[in-house]
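What follows is a pair of complexes built around chain A, which joins chain B in one and chain C in the other.
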Partner chain A sequence: MNILSDLGIVYALLGAAVAVLFAGCGSAIGVGIAGQAASGVVTEDPSKFAKVLIIQLLPGTQGLYGLLVGFITLSKIGILGGGVADVSVTTGLLILAACLPIGIVGLLSGISQGKTAAAAIGIVAKKPEQFGKAMLFPAMVETYAILALLVSFLAVNGIQV
Partner chain B sequence: MSVLKMQRISICALKKDRKAILEKLQSLGVLEVDIAVGGDSVGGDGVGGDGYFRKMDTAGQKAGFERAAAAADQALDVLERYVPEKKSVFAALEGKLLIGRGQALEIEENRREILRTAKKICGLDREHAEKLAEAVRIRNSIEGLAPWMSLDVPLKDSATKRTVLFPGTMPGGTTLDSIYEVIAEKAPDAVGADIRLISSEQSMVYLAVACLKEDAQAVEDALRSAGFARPAQTWEKTPAEEREELEQQEKTCAAETAEIEEQIRELSEHRTEIKIAADYYRVRADKYEVLGELPQSERTFVISGYIPQCEAGHVESWLSERYDCAVDIEDLKEDEEPPVILKNNPFSMNMEGVVESYGLPHKGELDPTTIMSFFYVFFFGMMLSDAAYGAIVAVVCAVLVRKFPRMSPGMKKSLKLFFYCGLSTLVWGILFGGYFGNIVDIVSEKFFGTAVTVPALWFIPLNDPMKLLVFSLLFGVIHLFTGLGIKGYLCLRDGKVMDFFCDVVLWFMLLVGLILMLLPSDIFASIAQTQIVFPGWLNTLAGILAAAGAIGIVLMSGRDKKNPALRIALGAYDLYNITGWLSDVLSYSRLLALGLATGVIASVINQMGSMLPDNIVGVIFFIVIFLAGHTLNLAINLLGAYVHTNRLQFVEFFGKFYEGGGRPFEPFKENTKYADVKEETIP
Partner chain C sequence: MGNTKYTYAVARIRALEVSLFSDAVIGQLMASRTAEEALRLVREKGWGDPSGSGDMDSVLKREEEKTWEVIRDVAPDMGVFDVLSLPKLYHNLKAAVKEVCTEKRTPGIFYDDCEIPGEEMLRIIENREFSRLPGSMGRVAEEALETLLHTRDGQLCDVLIDRAALEAIFEAGKRSGEPVIEDYADTTVAIADIKIAVRSRKTGKSADFMRSAMAECGSINREQLIRAALAGEEEIARYLEGTSYAGGADALRESPSAFERWCDNRMTETMKAQKYETFSVGPLLAYLLARENEIKTVRIILTGKQNGFPEDALRERIREMYV
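Right, the complex of A and B next:
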């Protein structure tokens, strides 16, 4: 019995970790960037708190998408249910690969969306009535995280364990 | 589903009725004053040309009213600082006060008195600030005196016949010995200089120096070389007496401050009056601004502007019944760009805010609100897709709208929008079997032993995501085709048959052909998991449609170019837009993704909550996790659904036919901030 052939479950778990970890980091950085801009606006005009908070939250969704894929993966390989499934090396690597899109796209799009959100907060600071438009720019970035989520989700869902 | 038709109304009336007419127009709020064009035509009418009509200079009055409004606002700010108004969490929803005509008149009568009160409040606030500054100054003096307390003579230079005494400070760590050393070295002639250390701190030593008059200069110079400095402030009495006096002053100052605060508190009962008066002045300032723009002759004045057609008749009959005036209503000229008001059915009007945030329809464009509103609610529900969340959103919005009837119209529209979106979410949740994710399964299994599942009315997306993906894209295609269809309608309406054929029909042919070619293919079969087989003639037709459409687009897109090579090149470039269509359709996959996100994260929360064993602690833990988790999930997914529904409308749908850029209707009206006057019933 080779230790390498037992590693299937490890790869699978690594996949879940990659999804949650990178997407979560992306969101954390993004929300952080936007939060700095939001704090600046609120020091000047506390009444804009609710609006800038909403925009600050926009880059937070990548983390949730990562969590979603991670959760699906965990329940797929049985770690959540209690009975750990017997995962072959191939299946484990397949799951790892399936988790990569949301992990990597989540990281990068989270950061970009954070920067866009910070700029959008600038719009709200100067022209609060343009809130609707300001909210749209960060949402454009998120499209690609959604596409990655879809592929990751469909792939994990489709792999037979 | 329309933009209200605007007309131009021009009123020429006698000056003696000016005040009444202007105030009536202002309270009706249906006229956007636009003199520029009207003024020209008035001047051109002959009687004396431009010289006949003059504009009145009202800048002075206007500024006076604005100053008064600002003073009242400032007084309200002051009151808010000293006596904050008790506000509920929902204060933002309460909207403006509503007062009767009688109360408004009463306030108008007493406005000078109220303005005086407002100014008094502002004055008291200034006094209060001064008192506070004085208190700080006194406190500083007391602290400055502290080190000198053991000195029992006044803190200043004093002299007897032959000696002088002067106080001062030296750097920290200086000792008596070192001071005497310095004097001995630098002023050897000075005899009998006596130094008394009053007190010493880390950084400073306080001392009093007594010496002969003739030696004073030499001693001081010697000490200066070692860092001696006179105190910054001198006092007439001994420090102890001075302090007592200062403390007395401090007490008086505090009492006066309290007195001022009390006075302001007493004046705060006038708050409502001041608010109404502030609005009065604001409204009058607006009136004088308009008045300043009106052309006036010796006896008459002219006002002109845009008015919605449905209001024009009322205003005309109202005016001509009461006053000697000439009212002229005419249709707009071709090149005029009128302001825009949207008019929609009671359901769709709630989505007007969404359209406004993109841009109002430009002249000649269709108001997209009605068509958009159905898609909007449909997509929103699909993205949130949880019955319980939908019910919560709908109930909360309904209760708020019912409870706060005076909220601002914009807020009311938004809440109603979310109410309908909540209903739609409820329906989609029932279709997909989502109630707080899978709460029913989890609770029944954990706390009651048997797993109960509420069956989905349609199917559970998590079990069959590909099916929902196909449906999402299908809804997307319908949405996009609707958009393209509207563009076709607009082309036909404007009589541009060629544009209709080239830009709409050809694209429909190409796209429908391509879709028909895609459906029987293996790619689609693997996505939809069913093989669709078309009869042979349909496959042929699909090919012909696609080919004809593509060729047509290549040939016709650049039809305004003469150069054939350029024309073909432009056509080919336009054909490249097919990738745009592809990405537009794929963009609708977010309907699936966001729906899944809501459901799966809700399940994660439920699963987390049910981790502890089934006992009292477990139940409490479950409830806490349930409340916190689902509140967060609902908030973030509500935000997501809102943003992405807007995006689908703005980018994908509007991109096909709508530009926006219209100017909102800004009528001459009573622009109040705090209180509205109840409309009298129109006699």
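Right, the complex of A and C next:
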């Protein structure tokens, strides 16, 4: 059994794990922070539930982006298709590198977006009519998660297995 | 995620800030013809208990309690609010020492919503269990009790306890580790020192008396303030111009009540920055002070109307609102 050729698939799988794990953690923390703020507002004013729920969910997208990249990676290396592809160490490392952007940016932007969402929930608490503007501030953070998703997506797609 | 422990609390406070009185509501209250009409207006705004007694004192007392109930409910750590509860604690100590010395019982002179409620404080002082009091309070209580028993000088006892309260507030501010609480504690002590200087000047007290009544703080130099107070009221105003309380100098020249109002307005002004904070204890402190300020202003209007004060005298005492 050739250990070197086996390491290739391990690296590729590690890439999928990085994308799902870190981006998922970022979203979990972000949605958690925003959820605390949302609970605070709903305790005093349950009529604002729908509005604060939408803002709370904004940091949840990073996890989905991570899942998407992880999914593409798994199907690329054949784990999802049934027949596991023969992945060289170089290709495995390339896939791992391709998964890093959404993993790392997903983690950090998820946390930051959660904090911005908590602040935006403060806007809704005091001025519910400014809901549209309140949504925009956390949505700005989303830009960078999308950029990272784009690079990870293109890179994983572009690697020939 | 240590810096997000106030997220829930701050969001809840934000939702509550909506029901704080704005300057417009205070204007409406001022426009009421009688105290009853003004009281009805605040009751309509949800003040007091719907089932409880509708008189002014119980409505205002209930509002104070409600504020603390909310803070106790949301704050992850009540220790940082010591600076606000200490005055009540020391008030209880002062009242208990006097009750024990005079062997009289006066109902309703204690605060019950603090660490050591009235009855317990009275028992501690009666049985001389000073070690049950927190921090340096035990030593102060013993000293105040001995002083009052031997000299029968109520003012000396007051000065001792009041100064200890100021020192405890300053210490609690430093201990909290929160810059906004530290600032609040420092300003509270500084303003108390300035008021002592002004009153001592009016009653012709000595430098030694002032030294024994004033506490050290960061933003005011005690010795310079005492020297200014000995030289005259104008000198106090001039000294203030060189400190961060410069705006108070003009208010001091105007009248004592204008100065009191300036002190409260300055605190509200400093706290306004907390409206934009999301992850610190600041908004909780700001809300507490805003509520105290609001209750104080409503009390001024109601008692003013009850006693037929002219509108100008009331306007001079109306505080700026936080929202």
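The rule is simple: the second predicted complex is superposed on the first by the 157 of 161 C-alpha atoms of A that agree within 3 Å, B and C clash if a C-alpha of one lies under 4 Å from a C-alpha of the other, contacts with A are read in each partner's own complex, and residues count from 1 in each chain.
Operating definition for what follows: a contact is a pair of C-beta atoms (placed from the backbone, for glycine too) under 8 Å apart; a residue touches a chain by one contact, two chains touch by 3 or more.
Here the structure is a predicted model, which means the values were calculated and not measured.
In the three-chain model built by superposing on chain A, chain B and chain C fit together without any clash.
Within the superposed three-chain model, A:L68 lies in touch with chain B and out of touch with chain C [touch as defined at top].
In the superposed pair of complexes, A:I104 makes contact with neither chain B nor chain C. Contact with chain B, but none with chain C, is seen for A:L147 once the two complexes are overlaid on the shared chain. In the superposition on chain A, contact of A:A37 is made with chain C only, not with chain B.
Of the two partner chains, chain C is the only one touched by A:K126; chain B is not. Of the two partner chains placed by superposition, only chain B is touched by A:I54; chain C is not. By the touch criterion defined above, A:N157 lies against chain B but remains apart from chain C after alignment on the C-alpha atoms of chain A.
Chain B and chain C, viewed from the C-alpha centre of chain A in the overlaid structures, lie at an angle of 50 degrees when rounded to the nearest 10. Residue contacts after overlaying the shared chain place A:L21 against neither chain B nor chain C.
Annotation for chain A, partner touching more residues between chain B and chain C: B. Our summary of the superposed model lists a minimum C-alpha distance of 7 Å between chain B and chain C. Common to the chain B and chain C contact sets on chain A is no residue at all. Chain B makes touch with chain A in their complex at residues 354, 357-358, 465-466, 469, 586-587, 589-590, 592-594, 596-597, 600-601, 603-604, 607, 636, 639-640, 643-644, 646-647, 650-651. Contact residues on chain C toward chain A in their complex (touch as defined above): 1, 4, 7-18, 74, 278-279. Only residues 29, 33, 36-41, 43-45, 48, 115, 118-119, 121-122, 125-126 of chain A touch chain C when the two sit together in their complex. Contact residues of chain A toward chain B in the complex are 54, 57-58, 60-61, 64-65, 67-68, 71-72, 80, 130-133, 135-136, 139-140, 142-143, 146-147, 149-150, 153-154, 157.
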